[in-house]
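Structures for review follow.
One chain, chain A, links the two complexes that follow: it is found with chain B in the first and with chain C in the second.
Right, the complex of A and B next:
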């Protein structure tokens, strides 16, 4: 397949346009840059935004990792990986430390990412104010005027309804003290990983045709109130059934007999810990 | 009384339409308030007034005479066609606010003005709870503590006779009069020096003396434009 397509599937003109979009996004942290999202062999809603970013950034020396809600093995993660490999021939891995480009749906890996790595996140709805203001023209104005009352108002309504901040994922953030943005539907647990991250984080929405970015070492603050600060989920008392880790984002599994066990959501991290545990035992 | 007006409007005018050589010449007569040649509507022509703290300025006029247009120009809902407006709370009244940037105008709306529209649908978000509507104004005015917002909201809703049990309900479920009272509470929540009221009593029952009481409570501290 590598011979039938240009390297990384796209024609060079497309790559240039999307790269220009990415550069503009990096230059204005948190700002959604519109771009001409291409038709892909996979339908909208299946990661085309992230895929387009990965395809235009990837080079022959890159090592690719693709995860879907923490797993390297899910059908969609594997499909995307196969497609990228088929059009580039580059090396793939499940090891977070070894990868140079990581495309992810709805999770940030547990292992801390470095300056030489790029994290590409898939975004369904890039506009944090969409539930507050349906009009795109109007939300553009709100961003331009830094009129962000709506974001806090939606949080306030949650508190009125449930007594507490109840976002599970996609908790709105403020980037570089300027733009309000979505972090993509990562769990609240992962939001702090974006703050002052060493790696470059690129967020692509294929259907909505927007790219935004969080450059390295950028301030990212999850929005909250003075007397109700942002809090992450607490996994300190949960232990992974497979590797014994604690304090990482867990999946809750209910067995047939009704008992509950917990397992690391980040599968490659879990495998690594398990391997380390085995080595320590020897 | 202070010698500086809270709001000083000078030769404000608002037109809808481009105008033409006929109507731009002030010597020529208009048909009512519109130009017989190009149909440009002159909603407000050469409006000047000053309002001092504690004063209430009532604006009366026929239907279609430009009262709402004037209110909307002052609240920056509509761009003015000309004139100057000075606010003592902004730069000590030295700068014409009509020429300021959108971001400054937004800040003035949030911190200095309170507006009550004739139609509650213009002033409220019908799908946000009543307390949420008031919270919106508090948040815009920089109040970022839930406790403070709730305390202000509860106090104001009590003043406008909306029971505490209903504060989490959406205004869509309220009667017109109740919706208007939520608007009043919202307009007061940032304690603005200037209140703009566009027929605020519409939909409120005659027996609702409390609303007038609320307005009386305000005049001690604020300037009001009342239509």
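Right, the complex of A and C next:
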């Protein structure tokens, strides 16, 4: 495959075009920049936006990590990693600290990311106002006018109906006090990691043909109300069954006997902690 | 936790991939790409049309790889298309230069040049042929020889058939509005993101690449009751267009154009009655043209496209088939099937986050 296709799949013209989109996205934090999203050998909705960003940013010296919902070995992660490897031949890793580019679906790794790393997030629906307004033409106007009533109205309705915010994952953020944006469907637990992040975060929506970015050291605030402040999922009383960590995002695992245990969702972090535990015991 | 275990997921995936090939080969028989090309003409046409890549060979190979799944074949070709540098746009084709194989009009019985039936299932009863299983090469050769001898007797040589268009006749009668020729370069939706309101070239491009059944469904909805566009097919043509590109050094020089091959298409011009407001509150009925075109022989799709072209021109009908975002965002095969199939991916984190909220609400916390 490697010799029949160009390095990183695309022809060089396409790469340049997508890189220009990324530069624009970095220059206007949180703004969704339209781009001519290419059809990929991976299905639309399976990370083609993230994949296109990774392919145009990657160089021969990069070290790649791909995770899907926290796992390096999940279907989507394996498939994307295999594809990038086949078309570039670059080195891959599961170690968050070793990677220079991390493509992720729906999680930000537990280990803190640095300035020399890029985090690429896969985005299904890049428009934070889409549930409020189905028309793209109108949401574009709302952004232009900074008319974000709809975003808060959605929160308000949830509070009125359920007595609480029920956004689940993908809780809308305001970037650099200007555009509201989706953080991609990461759990609320990961939203604070975006604020003033040292690493560049690029978000790609292939099917919807948009790229937005959170440049390093940018203010990112999860939207909320003064009397109903934003809160992350609480796992403070849970301990990982595998490695004993706490204070991280947990997967809830149901045993055959119906009992529940918790495990770190970030599997490579979990393996590392386990390894460290083993070393300490010795 | 079968497909996202901490370790071992990768192994399970490799095995599943090996299995796909086994499923295709386990009966120890195979269809060659040439066989697909010979016997699956209309399937190839549908795949080329939705993939927007005109190559019968590649379409046949994609059908083979996708085990006959059209959405899979289209997907393969679209992805391959992304790797090809695109250096030229062809010179604009005047559609009356088509070398016609089939041409019918539902509007007029006698059209200049006459109706020409070509090939279509329309004139045949759909009786399932219980003998088709027993076809032999000998039968085939005999049938083909007889047919070809007969043609030579009737027609003699291949002539390049070109006919005037039915719509031009109506235009001469003043029943169709005259428009100046618009040779503005079309906006290419594969190069530039769609923005609203769209221009017609963008709409036509998305419709012609659209999922065949999706285009048909929306057009049928409009025809049946949601928008009630009832067109009359002025003309449906199936035939080939020669395609030229300009000399990059002398783009204006008509002598220096390069012929790069021909494409077979289905072209439809539908007549749709529209009301025209005249002076002093008077109204008049006029006809507007709905335009449909699709690579290969894709007749239902081309007619459906001509209906949707017209429903999208008339944006204020209040029906979803006139809402350009509703129609244009949802009829692409790769986008629709991709997003729906992504629901099979693990959603453990997103679901956990939702679960967390739901439990909190149930406990009445905030």
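Throughout what follows, the second predicted complex is superposed on the first by the 282 of 282 C-alpha atoms of A that agree within 3 Å, B and C clash if a C-alpha of one lies under 4 Å from a C-alpha of the other, contacts with A are read in each partner's own complex, and residues count from 1 in each chain.
Assume a residue touches a chain if its C-beta (ideal position, glycine included) is under 8 Å from a C-beta of that chain, and two chains touch if they have at least 3 such contacts.
Note that the structure is predicted; figures quoted are calculated from it, not measured.
Touch criterion met: A:209 reaches chain C, while chain B stays clear of it. Once the two complexes are overlaid on the shared chain, A:134 sits against chain C while remaining clear of chain B.
Of the two partner chains placed by superposition, only chain C is touched by A:271; chain B is not. In the superposition on chain A, the chain among chain B and chain C reaching more residues of chain A is C. When the shared chain is aligned, no partner comes close enough to touch A:28: not chain B, not chain C. In the overlay built on the shared chain, the residue A:6 is in contact with chain C alone; chain B does not reach it.
Of the two partner chains placed around the shared chain by superposition, chain B and chain C are both touched by A:228.
In the superposition on chain A, contact of A:147 is made with chain B only, not with chain C. Residues 228 of chain A contact both chain B in one complex and chain C in the other.
Put simply, chain B touches chain A in their complex at residues 102-103, 106, 128-129, 131-132, 135-136, 139-140, 144-147, 149, 168. Against chain B, in their complex, chain A makes its touches with residues 144-147, 149-150, 152-153, 156-157, 159-161, 225-228. Of all the residues in chain A, the ones that touch chain C in their complex are 5-6, 9-11, 13-14, 34-46, 48, 68-71, 73-76, 78-79, 105-107, 124, 134-137, 140, 162-170, 185-189, 207, 209-210, 228, 233-234, 242, 249-253, 263, 265, 267, 270-271.
Of all the residues in chain C, the ones that touch chain A in their complex are 1, 3-10, 13, 75-76, 78-86, 190-197, 325, 329, 334-335, 337-342, 345-350, 352-358, 360-361, 364-366.
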